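Take a look at the structures listed below.
In what comes next, subunit A is part of two complexes: it sits with subunit B in the first one and with subunit C in the second one.
Here is the complex of A and B:
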């Protein structure tokens, strides 16, 4: 490994970044474990958050046995799917929440002095363990719904699930990147982030319940409908998959790329005044 | 001598929105195109040779940090040319950062929760430092400072002095051609200051590293720099040997008088305008003088004179 790296000087590819990320992650987890109280409290907090979300969902369904033709298990599927799709943004891109503080205090400049990608370097500093609990919760819900709806377990469907989960998570990551990057231009970017993060709650409902302006808004402007609804249709209605579902992977990559470019544009345009 | 840094007629302007007062004013600001331009750096031309330690001085807000941010590739100059190790920093930020090290103000660039040695290992991987070179560098560090007490300590638990020391060591780790040090001794005690000066000097001599040092502490300048560059209001106002600067002020003396209440009074006298004896005699009429000292003007006083516009 050592020799391969030296030979490839100036060429830092995927393997290089993966190896650096892994090393930072291992060190970070080691130091997190040493703060045990912190670790336990955040784990409990995470379980409570997920449980309360789930209870709200159950109460809703006690009163309305179906929403716009979606029955209990289908809704549960969508719910689990959205939790899984929101895991990567929680685990790997959580440092977006700190961006505005670091930019305003001037500490952000340190990310610009290393010969590696600024976006990667910034995001690599935080790995949020809370996301792992969310992942477990989401996976449990999804499997339960999957079995109860009676969807067959075929390699093709599993592959589809992976692809569309990845797609869905790209949309949420893109939304949060773009929201965080507004801090390079405006002071009140915290509100933008909170609002965008709140929108994710709409992800667990079929977007067919929204009408008119909201449907267009959640599909094309702030693509929340892509965080669970459209991708999950690939599995739930594999006979009549809508066009937007098939477009989702490409759109996801595009949205992510645009949000990354927007984020990096902010870095380049920012003045870093004061010292 | 080969140059590490070349700057030609470099200018940097910032556009700042003219803000208006009150709620109505802020709404107007939303749509306003009413910008004013502030020139932070004006037409600076500079050449820095390999292996030099340069004192880059100037009062607060003179444009020092802006210049360094341009040299490190963080900011793009509005006009003019900059070459750092033959690279245009802003266009090739990544390539440029392979060959520079930066310690910026009071901000640690190390991983906050990691022991120093783990930060070193990550930096070794990020800069792709060959194993042998890395080990040699750690050996060199051992010979220059006592790094054992800090090597296994997480950065968050370090004292300010230890953290500064760690940041300087981290900046030299990949053996860069140039290291930028922005106020490395600010807030440190006397013994830590001298430790850090010795370290910088030692690394410069061993590795031939060019060092750009900005500081307000003239002790740093006296200990480390032969040449100084002074910038004020964005313009370069002095660029030469420090001794040469002092000779400008050859007729200046610092007169120190111990008064009857044992306090020392200090003043700078230009001998071409005032007679030292006369000043003493005048003072003698008001106070009893117990002791006097006459010194050559210090670097501190020279710089103060320049900032004040002498």
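Here is the complex of A and C:
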């Protein structure tokens, strides 16, 4: 039996998972449509947070000409970049916020009974539409900044932007996966996620403002420096790209993999309690 | 008014919040790191400004303001909206409504315990650290007394706003959306994320009369003795604004609640 299952699992490739994802996604969207008021209010809420972040930004630059050598448009670029990089975690991995409730109530066991990857199945259950508003906001900001800085539009740069945006988003996904997975060990660990979510507010500032231990902490332990700062340097300073920027894609994959392993370790531990 | 009943609720709240020791410890530690981030950010901002004083605020002033605003935020933060929506969904709210005390009073006093704990565990330590690190940048005099009074008024204004927003939950299940709208508006317009002194003139004039300022900006301005709050003439309008909003919001909140509670529907009962 075990053998047959593992065999089947091996045969399931990308296409199998893509078709499952589409089916679950449609179900989720259908159920969301029945709460139209909730959808509208949540979208307004999302727009408000982005707007307020923007207003804070404008007020700051009304009083101060630059931050650590970064002028208004470069900071806007960083800001737009961070919003875009944070979109995937918002859209595709939002179910992490429900993990602790499901684990605590025991409902989580249902995910373990399906012959598909638990992590995949759990995450595919929720697609957060609000994230699309953030995406639009970020894209607008980034394009505005791009034009005003006067960066040329070449296919190579666009390709670079795509690659580094994808890379950047992996870091935030990894942070949130790891933060959510703590609930397998600590009851009511929601505060860990709240804290990490607050730290991400600093992703939109150049990490060069941090010094000493904290620079290392926010580069390699809680990698918010990689959510916008290092990846965006690939486009902003094409001639003198720091080494860490080049390392970003590999590091992103590594962080994501580690967080996935940590998450799955929690699942295995949950199985053993047998509740 | 029978104070004993109320204090029993306070005591229960204190015991409840002491239950989650690990959570409190981790949160405290994370707050320290967060404050270090704030410190680095503003240090960089002031370093590029070229002058020591911007809009009447020195770097030290800004830091004290923002650090204590965070400390105040941690201590004033309430989860009335979340708790309300959860107890509506589970039906527990019926039990609370049947209690021999007005619902508003009951909620207020249930939270008072966690306020006491958080005040002792987050605000006081932060205050002492700031005091030592800045070596006397916070004036120590009668302003401390005024600050305490302003904080109590801030607590009442904050609670009233929370209750009004929580009442909206009786109409819709969109708790996340409503809560995030409230939080964003309060944090921005109260000066918790960027001191109100930096706001442009036009916006400032509007924000000065809104209730949000009463929660963070007024207590902190009084503590730092800015904007003429070291004189009685300067203090009176600030306390006046706080008291007026506390009164208006309490009244409005009570009316809104009394009107809405009749419409409440609980699934399953």
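List of remarks:
The rule is simple: the second predicted complex is superposed on the first by the 259 of 275 C-alpha atoms of A that agree within 3 Å, B and C clash if a C-alpha of one lies under 4 Å from a C-alpha of the other, contacts with A are read in each partner's own complex, and residues count from 1 in each chain.
Here, a contact is a pair of C-beta atoms (placed from the backbone, for glycine too) under 8 Å apart; a residue touches a chain by one contact, two chains touch by 3 or more.
All values reported here derive from a predicted model rather than from experimental measurement.
In the superposed pair of complexes, A:125 makes contact with subunit B only, with no contact to subunit C. In the overlay built on the shared chain, the residue A:104 is in contact with neither subunit B nor subunit C. Within the superposed three-chain model, A:113 lies in touch with subunit B and out of touch with subunit C [touch as defined at top]. When the shared chain is aligned, no partner comes close enough to touch A:154: not subunit B, not subunit C. In the superposition on chain A, A:48 contacts subunit C only, with no contact to subunit B. Shared-chain residue A:24: touches subunit B; no touch with subunit C. Residue contacts after overlaying the shared chain place A:214 against subunit C, while subunit B stays out of touching range. Looking at the superposed arrangement, the partner reaching more residues of subunit A, out of subunit B and subunit C, is C. With the contact threshold set out at the top, not one residue of subunit A is in contact with subunit B in one structure and with subunit C in the other.
Put simply, subunit A touches subunit C in their complex at residues 35, 37-38, 41-46, 48-49, 52, 55-56, 59-60, 62-69, 186, 188-189, 191-192, 195, 198-199, 202, 205, 209-211, 214, 217-218. For subunit C in complex with subunit A, the residues that touch the partner chain are 20, 22-23, 26-27, 30, 33-34, 36-37, 40-41, 43-49, 54-55, 172-174, 176-181, 184-185, 187-188, 193-194, 198-200. Here subunit B touches subunit A in the complex through residues 14, 65, 69, 72-76, 93-95, 97-98, 100, 102, 104-105, 107, 109, 111, 113-114, 118, 121-122, 125-128, 130-131, 154, 182, going by the rule given at the top. Across the complex, subunit A meets subunit B through its residues 2, 5-6, 8-10, 19-20, 23-24, 27-28, 31-32, 106-107, 109-110, 112-117, 125, 268, 271-275.
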